[in-house]
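The two complexes that follow have chain A in common; it is paired with chain B in the first and with chain C in the second.
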Partner chain A sequence: MAATYKPVIWNRHKRIYDLALVSGIALYLTVFVGVGMAMPDSANTSIEILLISALGACAFFMIHVVLAIGPLARLSTKFLPLLYNRRHVGVALFLVALSHGAYATIWYHGFGVLNPIVSLFVSNPRYDAINAFPFESLGVAALAILFLLASTSHDFWLNNLSPAVWKTLHMLIYPAYGAMVMHVLLGAASGHGGSPLYVWATAGGFALISGLHIAAALVQTSRDRAVTKQKDGDWIDAGPFADIPEKRARIVAIGGTSIAIFRYDGKLSAISNFCAHQMGPLGEGCLIDGLVTCPWHGWQYDPATGRSPAPYTEKVETFAVRIKDGHVFVNAIPNAKGTPVAPTMIG
Partner chain B sequence: MAKNKQPEFYVGYLPIPPALKWTVRGLVVLLAGLIAFDAWLVASFQPDAGDGYWADTPTQYTGTLNRAPYPMLRVSENGTTRTFILISDEKRGAEAVLGNIPDGASVKINAYEVKRAAVSLLQLAATDVTVASAPTVAAETVEIVGPAELTGEIVDSKCWLGVMRPGDGHIHKACATLCIRGGIPPMFVLRGGEGPQVYVLTLADGRAIPPAAILDYIADPVRLSGIVEKQGALFYFKVDLSSLARLE
Partner chain C sequence: MGSIEFVEMILNGVALFAAAGGIFALGFLSLGLTRIDRGASGAGVWFRLLIVPGLVALWPLMLIRWIVGGQPHGD
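Our next item is the complex of A and B:
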């Protein structure tokens, strides 16, 4: 959380995270180049081409990591430490992909009779062919999207675009992934010099990412169904309040609304399940020092008002709660963001 | 009853819960293993780079200039003639650098040697090609090998011989096209079948191939018909461009 904008609000975890991130990239490139120079077939490969390949393969590996973190964190809270600084992985992914693209453009398209950028799009004119398709254009498309995502990854853009628009914009990571998959399949995996291994490895990566997203969606659906959601007018039966763990929440999803009902200190309060930051699932967080704490980045809200503690100014919607026959009911009509609602006392 | 056992909850700006420390360490080790495995696997299947060679330092050559079908230099080494294809630095042929120096002139050049198989090429290190006073080096005898229909790939001589390693295949298609567009002599690399691995491509009458006639076919699997000739260490494939067909 921040009351003012800073390029990066560093803390110990972010430093360790970024150190591990940079070390991981260095490990990938070192192993790749080392193995490439040791293999009989590729031992004579130009070091420039080996580096271009290593940077491209590293970027492709990284986008799988970026896409896997979200569903993994939904499946188990043990993965939340990976989610905390995911934006730095995204920016690093862009920088690695940019290095790959820039180096390949200079090496393969520079020093000729055409402008390198023009050459990128016209030197292979076979846009009508599958197996000879100019795969470079797909890489350019992926890189353009990654640039858009990396350049808007800061909270400045998040606040100015609104979390919903920002979130929708950052869903473009999926088209970027699709473009990268096709860039690999129609490039390194294609034609003379291409290896079937790249096809299988790409298919395996796609299956992994798809499987994790499907598993996370199934688990989420199962959680939603676990709540009875019987309606009494605008009031929704969210099940026995006794089953809600202390300082934790039950999430009620109905229509486009998702509500987190928290139990704490003998009371119940309900607020929107969507964090004002990146729409993280507040209901999967817990109360720390009396404040609802988002599991994604630790943004906090008073459960009775939906407001972040001063000096922060973020607010989320609040909902009325009542207890009847041991069940907790929540009113589906949201109050304006930051509207205080007296907690409902248990017993 | 409420379940009071709380899972360890991670908040980025708070001290990490003790039990989660080991989970995070395990994840880091697992990720490092995955990184090393993926890098090893992908690097192990890099395409064959060939056995091309590109000298690090330039050497001075004196010999007889040949302007057609492509700029070449004949030098005498230990009483035998050796022919080098000439190109400029960057992705351009040597024509502009050679200017008006006539065919058959003796010249002195400073160049980086590029070679693969029995074919050698010289990449001019500078634009100052000087006319020298030296005896003419005689051209090798032309031997007609005979008509042939070959399947393979059109490559640019500079990259395939050793400047790019590998300098063929789909990944290199755009670069090869750019090189040939810039005047680098095209070559034909055999894929399957028996015979010499690589040929200098010319038209049936022995003139240089117009780049525009083959740009769309470079680096694709193709079939070509023509006459194969041998001159010294170089094989020439004098082709009928109407026979050029893509194999897909």
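Our next item is the complex of A and C:
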């Protein structure tokens, strides 16, 4: 949320986050290579090969972290600080994966007569054999996707591709994950990538990511169902307003629409639950200084107008609200983004 | 056509696409950026460098956006 773009809007949290990220990567690589050198069969390998493996394993671990942060943040707000700067993990993931790919290409293909990249693709044509499949091509495919995601991670791209297109583009992280899984498994099947430990670690990681996504979806569905949705024409009964905590919201999901009804200062207002930034869940945020604050990246909106405070210009849809017999009703027909709606007074 | 020639042809195509993207990025950063996005007004050189890889990869999309005249950021 910035009037003028900056490469990174640094703050203390981001500095600590990035310091932990870089330290974690350095520690991972050091421990991996150190343990590898200490193994009994270390005489059969070299530090270069260990480093290539370490970079690959680190990238594979990092994509699990990237994929786990989203569902973890849905399951518990304690994980929201991880979500806040997730795109830095994504860019770091690409750089680590690029290092792995570049180093491996130079090491295994850089000393022949062919262009190393050409050699990478033609040295093994056995696409019909599982135990000799040219798994490198899957790594290249994953790296290409990660490049696309890392290069479009700045808000400039979010604004210029549109949030919907940007979000769709960044869902390519899942095909990239699939390509990395197959890269590791087929690499192990063809004798690269070391021990069966890789296969078990990959299976465990896949089970973990799948389980977290399923659990987050079930919890979200449960939250949506928890709200009674009796209809009165276009008006939806969102339950007793007394249960909505001060400066917090109740989320009502109706078809593809999700509405966040906020209670604050003896008033009720409703806006879209989707932040204009990355469609973050505004209803899971709270009011800070009178403004709805997205829990993902801190973008803010006036609850009565759906507009970001000047000089920012982002807007979200607003909805009419009324009270009847102690229940709050919200009109399912959205107003145009940024349309002011007078708050409904309680009592 | 052998596999080596085929791979070389694909790589040449990728290199050509990237070179066109590089040329586009130069023009876009000089003339088009602030026209399609008000948020880029006054943005520094590091921001401009940061979006170059994306421009090289997605230059056809951004060329269309530049030609049709995108709405400024936030409107």
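The criterion applied here is as follows: the second predicted complex is superposed on the first by the 338 of 347 C-alpha atoms of A that agree within 3 Å, B and C clash if a C-alpha of one lies under 4 Å from a C-alpha of the other, contacts with A are read in each partner's own complex, and residues count from 1 in each chain.
Just so it is clear, a contact is a pair of C-beta atoms (placed from the backbone, for glycine too) under 8 Å apart; a residue touches a chain by one contact, two chains touch by 3 or more.
Remember, predicted model here, so these are calculated numbers, not experimental data.
Chemist: Once chain A of both complexes is superposed, is A:W200 in touch with chain B (first), chain C (second), both, or neither?
Modeler: neither
Chemist: Please work out whether A:S190 is in contact with chain B alone, chain C alone, both, or neither, and reply first, second, both or neither.
Modeler: In the superposition, A:S190 touches chain B alone.
Chemist: Pick one for A:P125: touches chain B only (first), chain C only (second), both, or neither.
Modeler: A:P125 sits against chain B and chain C alike.
Chemist: Let me test your reading of the model: by the given contact rule, A:H154 touches which partner, first (chain B), second (chain C), both or neither?
Modeler: second
Chemist: If we overlay the two complexes on their shared chain A, which of chain B and chain C does A:L114 touch? Say first, second, both or neither.
Modeler: Touch status of A:L114: both partners.
Chemist: Just checking: does A:Y174 make contact with chain B only, chain C only, both, or neither of them? Give me first, second, both or neither.
Modeler: Neither: A:Y174 stays clear of chain B and chain C.
Chemist: Using the superposition on chain A described above, determine whether A:W10 touches chain B (first), chain C (second), both, or neither.
Modeler: Neither partner.
Chemist: So which one touches more of the residues on chain A, chain B or chain C?
Modeler: Touching more residues of chain A than the other partner does is B.
Chemist: Looking at the overlay, does A:Y312 come into contact with chain B only (first), chain C only (second), both, or neither?
Modeler: So A:Y312 only meets chain C here.
Chemist: Give me the intersection of chain A's contacts with chain B and its contacts with chain C, in residue numbers.
Modeler: 114, 125
Chemist: Can you list the chain B residues touching chain A in their complex?
Modeler: 1-4, 6-14, 16, 20, 23-24, 27-28, 31-32, 35-36, 38-52, 89-92, 153, 164-166, 168-175, 177-179, 181-182, 191, 215-216, 219-221, 248
Chemist: Name, in rising order, each residue of chain A that touches chain C in their complex.
Modeler: Per the stated touch rule, the residues are 2-7, 114-115, 117-118, 121-122, 125, 147-148, 150-152, 154, 156-157, 159-161, 312-314.
Chemist: Quick check on the complex: what are the chain C residues that touch chain A?
Modeler: Interface residues on the chain C side: 3-4, 7-8, 11, 36-37, 39-44, 46-47, 50-51, 53-54, 56-58, 61-62, 65, 70, 73-75.
Chemist: Would you tell me which residues of chain A are touching chain B in their complex?
Modeler: Checking each residue of chain A against chain B gives 11, 13-14, 20, 24, 27-29, 31-36, 39, 41-46, 49-50, 53-54, 57-58, 61, 65, 77-82, 84-85, 107-109, 111-114, 119-120, 123-126, 129, 131-132, 134-136, 187-188, 190-195, 197-198, 201, 242-248, 263, 285-286, 288, 293, 295, 297-298.
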